[in-house]
Amino acid sequence: MSKSILVLNGPNLNLLGTRQPDIYGSKTLVDLQAECVEKGEALGYRVDFRQSNSEGTLVDWIHEARNRYAGVVLNAGAYTHTSIALMDAIASVGVPVIEVHISNIHQREDFRHVSYVSKAAMGMICGFGFYGYSMALDALVNHLRH
Amino acid sequence: MSKSILVLNGPNLNLLGTRQPDIYGSKTLVDLQAECVEKGEALGYRVDFRQSNSEGTLVDWIHEARNRYAGVVLNAGAYTHTSIALMDAIASVGVPVIEVHISNIHQREDFRHVSYVSKAAMGMICGFGFYGYSMALDALVNHLRH
Amino acid sequence: MSKSILVLNGPNLNLLGTRQPDIYGSKTLVDLQAECVEKGEALGYRVDFRQSNSEGTLVDWIHEARNRYAGVVLNAGAYTHTSIALMDAIASVGVPVIEVHISNIHQREDFRHVSYVSKAAMGMICGFGFYGYSMALDALVNHLRH
Amino acid sequence: MSKSILVLNGPNLNLLGTRQPDIYGSKTLVDLQAECVEKGEALGYRVDFRQSNSEGTLVDWIHEARNRYAGVVLNAGAYTHTSIALMDAIASVGVPVIEVHISNIHQREDFRHVSYVSKAAMGMICGFGFYGYSMALDALVNHLRH
Amino acid sequence: MSKSILVLNGPNLNLLGTRQPDIYGSKTLVDLQAECVEKGEALGYRVDFRQSNSEGTLVDWIHEARNRYAGVVLNAGAYTHTSIALMDAIASVGVPVIEVHISNIHQREDFRHVSYVSKAAMGMICGFGFYGYSMALDALVNHLRH
Amino acid sequence: MSKSILVLNGPNLNLLGTRQPDIYGSKTLVDLQAECVEKGEALGYRVDFRQSNSEGTLVDWIHEARNRYAGVVLNAGAYTHTSIALMDAIASVGVPVIEVHISNIHQREDFRHVSYVSKAAMGMICGFGFYGYSMALDALVNHLRH
Amino acid sequence: MSKSILVLNGPNLNLLGTRQPDIYGSKTLVDLQAECVEKGEALGYRVDFRQSNSEGTLVDWIHEARNRYAGVVLNAGAYTHTSIALMDAIASVGVPVIEVHISNIHQREDFRHVSYVSKAAMGMICGFGFYGYSMALDALVNHLRH
Amino acid sequence: MSKSILVLNGPNLNLLGTRQPDIYGSKTLVDLQAECVEKGEALGYRVDFRQSNSEGTLVDWIHEARNRYAGVVLNAGAYTHTSIALMDAIASVGVPVIEVHISNIHQREDFRHVSYVSKAAMGMICGFGFYGYSMALDALVNHLRH
Amino acid sequence: MSKSILVLNGPNLNLLGTRQPDIYGSKTLVDLQAECVEKGEALGYRVDFRQSNSEGTLVDWIHEARNRYAGVVLNAGAYTHTSIALMDAIASVGVPVIEVHISNIHQREDFRHVSYVSKAAMGMICGFGFYGYSMALDALVNHLRH
Amino acid sequence: MSKSILVLNGPNLNLLGTRQPDIYGSKTLVDLQAECVEKGEALGYRVDFRQSNSEGTLVDWIHEARNRYAGVVLNAGAYTHTSIALMDAIASVGVPVIEVHISNIHQREDFRHVSYVSKAAMGMICGFGFYGYSMALDALVNHLRH
Amino acid sequence: MSKSILVLNGPNLNLLGTRQPDIYGSKTLVDLQAECVEKGEALGYRVDFRQSNSEGTLVDWIHEARNRYAGVVLNAGAYTHTSIALMDAIASVGVPVIEVHISNIHQREDFRHVSYVSKAAMGMICGFGFYGYSMALDALVNHLRH
Amino acid sequence: MSKSILVLNGPNLNLLGTRQPDIYGSKTLVDLQAECVEKGEALGYRVDFRQSNSEGTLVDWIHEARNRYAGVVLNAGAYTHTSIALMDAIASVGVPVIEVHISNIHQREDFRHVSYVSKAAMGMICGFGFYGYSMALDALVNHLRH
């Protein structure tokens, strides 16, 4: 089995650290990438870390995981709440996908309480800031071991 | 009038044959393309067959049909249920567009019962598997003859 | 297997050609029957063609298909949107039923966007005028051949 | 033009006088028929007065009005609130149809506040008991004179 | 008992004849007043005819009917759909109030399908143009005689 | 008082034993009739047992119970969820009506959770298979004794 | 198998006979207990009869049925409409649970039309007063015999 | 501060002048660009004018405004009603964004009455045709001056 | 054509400058009037500026515009969201009406997201503070010139 | 600070004592005024007591409280449920406003369960008849003392 | 009649003074108890003051009021919005129950706007802090005197 | 700061291992407790592990955490979806609370998609089986260290 994990970030996450720091904190996407790579290494996995503002690109990348990655950690950002295409992609690829959100989306606007991603992902983690990504990697590797 | 028809496929349809075969069957997109081209030839039309996971690309392609294609057969996949942009594109191009779905979308989740594409397309065909594409080509050519 | 197909028409379709010609065209139910019989013959099937304004009679006729017809083409008219009894009948008879509508029901009033028939029928065709019946017969025979 | 008017009564109106007299009063359907015939005569019209518990029969009768009656007075009873088939029949026949209810349906259960008949009928009269039928005949004849 | 009837007209009805003639016709409020007074005289009643664009004034006038009028004919215009105050006024005055509308409100926008006035008025007449006022006066006097 | 009970069955129940046996079991309507007649005899009552696919016929039969039956056991099938006409018939006849369903309708599709019949029937029994009819007969006779 | 049945009563049922006698009758919970015990004896079962106003206690008692009772008759009172915990308990215990209500809950306030208990219980009986408990015991024993 | 303004146009606006001229007029996107550039010059600002059918590209462009433009005028077309990603982008960039629509979106289909863009944009202008863009540029510059 | 424009202000706008300055700013209605008059003069129009807390008075004033004003700028305040009477008045007067709001109403409570005024007004401007009135006057005059 | 309190009554309260005495009791508005004045005197405050059927007048009067009254006791009657204008007025005046209702509005029709006044008033008292006004005056003075 | 009043407090009210002081103030439940006892004495009644986090216990205590207390003052806390069991208990006990809330629940989250307690309690007081309890005791004693 | 963590389990979790093993797995609550204690020790914390079927007891235990525990891990089971009391308790105690669910609740019935607990808890973890508890303990300790 592949020893690589794909970490995907959706729209506006490239602005981390500059955007609404009261919600998302002041660290940047580069910081987050470093944390993920480091965590992956500790778990014995290589982490590929990407971000896109395009729904179609995120679908493409999830498809790419089919034969090349052991699993996916996905923060789909705003597309979480509107993209049936992402949900279908997750249901189609046959590798475990874990949903993560930096903030607790249930404490924000009503339209952020609905998640199409949750209908297909293995599990969901939200509200723990950047640390949620480490938790997701940890859970994914734990799952792969069983 | 153009003797070409554009057949467009939306997100995740590139995974046909590998994705949820209980719903979509085991034949692949390449098989489907072959069936469509063959059917087109039998009807006296060239078929251009494309697939994209990007909503914007599908909008672009529908626009492209304006002056170059006699009509469009569209399986918009998940964007069927969420894309007002696609609906507007169909309403704008001035060539007939026929909506097709492989499965009977009314027998799946509630959010698949709403179709923005249906509000602008000439007609809709669903539940007949790959054969629905042949039916759509047939109906389109029948329409063009009258 | 039976070589007969039952084509059923629901309420108000007896007025075809006189009723709202902008929606339904100017040809009559007799014209439609002729088209269906002719199409059936071309496909090697006898077509029985009926119309009723009564929900109960339509249920009776679907039951009748159980042992005597290879399949049913059903335009349930207004009962499409209100009749759970028809839906149950379709689910009970064990022969394929194809739903057809002359107009694209998704472009009319909201209450015509819900179809109980769709929850049980094999597939649905709408928006192609009388030609939709030929498409349905064609799809039914194609299905019976596989 | 025909000098006959068709007065149609829907389900359970045959029990008038015995059913829930606090809502519908104690006079019977025969009494109502007599009042309508008398009113019709005073207006110079013959009144045909019928009742059925079957939705399909009511649709049939409305169709019958097409070439044979100057107009229809319709109390569709419970079908008022559930029958799109009746609505379509009214929209198809090309003679004026006036909706009447004995009670004020807006003061009863919520599901009686919706009327499909109202979406196609010329006008509506409710809450005036049997006298509403006389008013409907009067309004119909007034309409026919203009 | 008083031999006077109060006919009340709500907002924008002063523009009758100039406003949306496809819906309301080309006769003016003065024409309507004349028709009502004449009809009243034929029935043996004096008709007081008023119009106001103010919800509060309409409430005041309904209160005024308490001791001085045999009944009220009310076309509350747009307040029909928004005014609980008018509904309460009708329920409080103890004289019969008949609701009338020139157009068939059930065939217009959804927000015109709800009537607070209907929850308290004796009966409702809609869709008969100006003639609906004559019908209402007739029904009111018929009611007063019984 | 009459010593006869009317047991009425609605649409598609004539297919019992052949239709969806996982929901309705494998015994037929004839079996059910035999059980009901036997149970009736044990309780000292004659049981008349009927089935119709027509809403209007069911309304007619409930009316028939007025002077000729001690009570009604009604499984209205799909009309349970759509027929205000049946509800009104039950409310009008003045004999006790008991609602019965073979399956537990609350565990099926959402549109089967609403029952117009329940708004007028004395009581409801569901989920006990054919035995529910015996329970209903038992409860009806117990009620008639008090 | 255990020859004991557990009959559970939810909140406010301890006030039977004193509370809203127009809905619940004038007999007390002690009377009901006696009827259930007697019925149980006639059926060859010991009946344990309990009441609690606490949701948690009712959940505990349903759990207790797992190894010690042949089945449960449950009138969950107001918790019927609000307790997912009770629903889960019923789904977990692996013994048949029959839902019973003294009144016909479908004829009361809207919030009493929803039952979480119905989503997990074998069947439901309502509207037959105290006799519904006897019916439930009878149905439970009939079920255990098959 | 930058002396450039970014004017962004969403899906299907490239078809202006050809698409539904009753709604959008007959002038083209090139005409609109010329008007905006000219207005910008009059106000002392350079106008960059772009159009894309891709939601992701529009998000990218809004991000681009962060350090390089004084503000954004945005007609998001159909994405107005479906894109939380665009809303988040606007909330993140820290430059003023003004929403503009050519038609009055409140007078079109219901699904065009909801605007995610409005939840984050400074203000909204709709219904004034192409002139709305000039108004938006004017308002933006007025805002920047204060 | 008249060279006068009517600027109308609805309920509570007389408290401008004292009421919720975080939403509405600290300038008063008198300041706003001065700005509007000045802007009107610059455009070659006389501006009549009024305020009322009464829905009926606002309807009266809109009617007054029929023959005496070239157009209306309307900030209907809270009546924006509740007044069908105002909507009807705007649709009746035959002069252009432009809707303006000081704040961006889409960023406030949900009940402020619905605007009856928008269903009839030519266009809408919101979120630009007092400057929105100048924009409205500008757009109105631009419209009158074409 | 002012030693005067304004007690305001909305539509139809002038009919107190004559209107629906089962809900509102048999004492009149004059009786209520006397009770309020007396209570005010006992508390050391002058009470101004008014009633209007006009929403606009009630808004005017609340504005009047700004500089001249220590607080307001408001029974807005039917406008409670429909008037955003009143809510805005309360939020704007900067003096405490206490909402009072004679009946318990939560036990009446559904549309009386929504209160716009409650969204801005300090507190609410309902269901205590006329005594609720005394309670409101008492609470207001208690509040002013702290 | 009993000279004792029962004051009941629901979940989390034991944390008063420590919990969200911006909403509930800084005084504790012990302070509140002292105020209630003192107020009771002034009114000639003994006050029993209790708190529980258990819905079942609150139901038990309301039952206890039946024969032993003159009335109940109830702050049901969060159970106000979810407990039909409490509503039923209040409707069953036959002593007056007054609902009180420290904050104005209509100005908090939507799910706090619904009160089952209000459907059965005599009256409701909210938004007056601890003083609301004194008002409730006062209103209760006033009620008992009449 | 305390070096103890409270792990709380809600209704029906005592049946783990016996209840619906397809959803919850076959390990028992005792197994889960062992895993949590072991994980706690590894993190340097003592874990107190409890289960209750009573909403009130869970509220009590959360209160207990105020001064005695460093944080809480809460699987509220069915109360997650119905208990505002639990939400208020979490918001009141001033220690971090982490919500955990064994299954992915978003893939089950609709009523399990709403979580009152999520509105107050720091973060949420679901879909990872028992391992979710370890993740929660890990996240809690990570949070306490920052």
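Here the chain labels run A, B, C, D, E, F, G, H, I, J, K and L in written order, and each chain numbers its own residues starting at 1.
Note that in this section contacts are C-beta pairs under 8 Å (C-beta built on N, C-alpha and C of every residue); 3 or more make two chains touch, one makes a residue touch a chain.
Please read these numbers as outputs of a predicted model, since none were measured by experiment.
Contacts with chain H and chain K are shared by no chain at all. For the pair chain J and chain K, the fraction of shared interface numbers is greater than half, so the two copies use mostly the same residues to meet.
Averaging Cα coordinates per chain places chain H and chain I 24 Å apart. Look at where the CA atoms of chain B average out and do the same for chain K: the two points lie 63 Å apart. If each chain is reduced to the centroid of its CA atoms, chain B and chain G end up 55 Å from each other.
Chain E and chain J have CA centres that are 31 Å apart. Each of the following residues of chain B touches two or more other chains: 54-57, 82. The complete set of chain-chain contacts reads A-B, A-H, A-L, B-C, B-H, C-D, C-F, D-E, D-F, E-I, E-J, F-G, G-K, G-L, H-I, I-J, J-K, K-L. Listed in rising order, the residues of chain K touching chain G in the complex are 54-57, 59-60, 63, 66, 82-85, 87-89, 91-94.
The touching residues of chain F, counted against chain G in their complex, run 104, 106-107, 115, 118-119, 121-128, 131-132, 135, 138-139, 142-143.
Against chain A, in their complex, chain B makes its touches with residues 10-12, 14-15, 18-20, 52-57, 77-79, 81-82, 111-112.
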